[in-house]
Amino acid sequence: MLMALLKRDLLLAFRSRGDLLNPLMFFMMVASLFPLAVSPDPQFLGTIAAGVIWVGALLATLLSLDLMFKSDYEDGSLEQMLLMPQPAMLMVLVKVLVHWLVAGLPLAFIAPLLGLMLGLPNGGFMPLVLSLLLATPILSLLGAIGAGLTVGLRKGGMLMPLLILPLYIPVLIFASSSVQAGVQGSDYLGHMAFLGAYLALTLVVAPVAAAAALRISLAR
Amino acid sequence: MWTRLKRLYHKMGSPKWFYEITTRWSKWFMAVGSILMLTGVVWGLAFAPADYLQGNSFRIIYIHVPASLLSQSAYIMMAVAGLVGLVWNMKMSFVVGKVIAPIGASLAILSLLTGAIWGKPTWGTWWVWDARLTSMLILLFLYFGVIAIYNAIENDEMANKAAAVLSIVGSINIPVIKYSVEWWNTLHQSATITLTKKPTMAPEMFIPLMLTILGFYCWFAVWVFARTRNEILFKERKTNWVKKLLQNGHKKTTGAQL
Amino acid sequence: MSLQNLHNPDTTSSTTGPNATGNGPWLSARGLFCERDERVLFSELNFDFLPGDIVRIAGPNGAGKSSLMRILLGLSAGFEGELFWHGKPMVQQVYDFRSQLLYLGHQVGVKGNLTPEENLAWFSPAATQDDIYGALKKVGLSGYEDLLTHGLSAGQQRRVALARLFLEDKPVWILDEPFTAIDKEGVSELEQVVINHAQAGGLVILTTHHDLRVPVKTLMLGGQESEMPLC
Amino acid sequence: MFFDDFSSFLAMGGHGLYVWLSYSLAAVIVAINFISPVLTRKKIIKDIERQLRREQK
């Protein structure tokens, strides 16, 4: 049943490819606002590139989180999923996996392009991609909690950033400073270790919390 | 033993019992808290020596640190109350969690304001991205999230449970957030006191701080109890014991007027 | 089976749980109590649903029909009392119960962006393509198997979900207004399907506004005129 | 007493503004926390009494 769910959700994502592009386009737009707003000086852009790209990635993820459970809630599939004879946290894990594949992973591929546009020094590219690969699953996992809590609410889209952004701060700190470390030519293994540990923690906590959140949201 | 525990659990789940016991406790907490605060503040303001580096601005510590400590532990208390509510389906526990949120947020604001004011003479600007102030700001954001969820969900039971889940996740994240913010900003002064380590402050500076911390905790209890009693009154407004309570109270006030 | 009111049966059985032997009731409740917005929907509700039963949950609007269904499904925690599945407390048996359950709600969970075949493939992963085509034929959707569902009419979309009744081998059916948006012939066919399922030893629990030409047990909620909420 | 006289106590060695501003903000927030439940309580009691009177009629 979980495999079937995975297949179904990937198929659905593929059918609505247009929706998937929206966060990516948003990601690019946010990043290109900074040269316009602050300064196009390559020297200066290079120093803020890591932060800009990572802030953009956080916001783009927030934008796509609404899709995680919303349509399934509206057409009754979510009820059916909660009635599957497996713990709901497994279902949440499948949902998170699909969200990451369609919304998190593409960010890691497109980020080097933004790095070039923002004049990110050479040493920063490797940690940028690595940190995105390692930390976007965290964003999806924590996001699932927010999406689960707000799924039944009409104004949920406004509420979610408020609930989730504070939890994203450790990711932002370590991921963007890993890029800074790469730029300065120093070791960024410690940053990755932290991100890995945080990923492990959220992998344990988030599915349980998100499943509980979904049950609460559906128990009107 | 087990049956006694069970009876205690049922008692604590009973709004009437909670209402009555906290009415009695509040007076004591109020008295003890006020004495502690008065002594602590007078001692701290007028009698404690000035810091040899920061001078007299250091006296802000006697409200900044209690407010910071209390707003952090209030968040944890809120999460624990939520957990108890979710696991044992104890309604009173949810109520306590709900009333802590605005109090904790107000203390976080107090901590931030006093921190900023303290920063002006110390660092020369009103706001510095110091590790502890930044963590406190994020804690305030976490409080905002919980309060926003109470406002967004109309159904009480759903709101309580959703806020409980959020505060539990938040409190699991607090150590991670604190660690990462401290790591991010290691340039600043370390925490003023740690409860486990021997204080590096002089005793005549440290004792009044302990007094105001304890005093703040007592007052916090009074605030939580008062708000909880309000919630109980409203929730139980159709029960006989509330009606009786109000009638008795009414008689008393008219008696006093005569 | 005759029409009978299950509300408040003799209280002697309510103190003990239902017996756990093989032929005992499948789904039972003891002392169910539910209140919404400070209004008691039902209290001291006891019942035993046996294999072969067709149970209709009835009552005026707001009597708690959907609430009771959601409680039975385990989607709502806002109740007191105990549920039993095969004589054992439901809390320990919830995954076993769900593995035997087919539920159709108001929203049936059919995705417009999937074809009927793809929709059914995730509901019943074990089914082969032939099974799915056969089931779709039985609900009159032959030839629509690989069209996107949002192109179908509302009635046809519901029929996609109803095809699950032929596809999945689940003993317990819980159907919330299954006849909505179904035409007359469809209704009588569906009634026959429900009867067949019960005669084959299955349990059907449903709500409907239709007058069923099927012998059913009726669980009447809100016998007294429901009070208007105080405001 | 650490200070020589009352005016130096008020001045706080030049930091008077910061110290007294902090303490008055604290007083305000503490006062809000004490007063707001009392006001809420009065409102709730009034509402319940109005409800009771309506029921008696």
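Think of it as A, B, C and D in the order they're written, each chain with its own count starting at 1.
Note that contacts are C-beta pairs under 8 Å (C-beta built on N, C-alpha and C of every residue); 3 or more make two chains touch, one makes a residue touch a chain.
From a predicted model like this one, the values you see are computed outputs, not experimental measurements.
Chains B-D form the pair joined by the most contacting C-beta pairs. Using mean Cα coordinates as chain centres, the one most removed from chain D is C. Spacing of chain C relative to chain D, judged by their CA centroids, is 57 angstrom.
Centroids built from CA atoms put chain B at 33 Å from chain A.
For the pair chain A and chain D, the distance between C-alpha centroids works out to 44 Å.
For the pair chain A and chain C, the distance between C-alpha centroids works out to 38 Å. Of all residues in chain A, those touching 2 or more other chains are 219-220, listed in ascending order.
Contacts with at least two other chains are made by no residue of chain D.
Residues of chain B found to touch two or more other chains are absent. Within the complex, the chain C residues that touch chain A are 70, 73-78, 95-96, 98-99, 101, 103, 105-114, 118, 121-123, 125. Of all the residues in chain A, the ones that touch chain C in their complex are 1, 3-5, 7-8, 11-12, 15-16, 71-72, 74-80, 82-86, 215, 218-220.
Chain B contributes residues 86, 138, 141-142, 144-145, 148-149, 152-153, 155, 158, 161-162, 165-166, 168-170, 172-173, 176-177, 179-181, 183-184 to its touches with chain A in the complex. Interface residues of chain B, counted against chain D in their complex, comprise 41, 45-50, 55-57, 59-60, 63-64, 67, 103, 106-107, 109-110, 113-114, 117-118, 120-121, 219, 222-223, 226-227, 229-230, 233-234, 237, 242-243, 246, 249-250. The touching residues of chain D, when paired with chain B in their complex, are 1-3, 9, 12-16, 18-19, 21-23, 25-26, 29-30, 32-34, 37-38, 40-41, 44-45, 47-49, 51-52.
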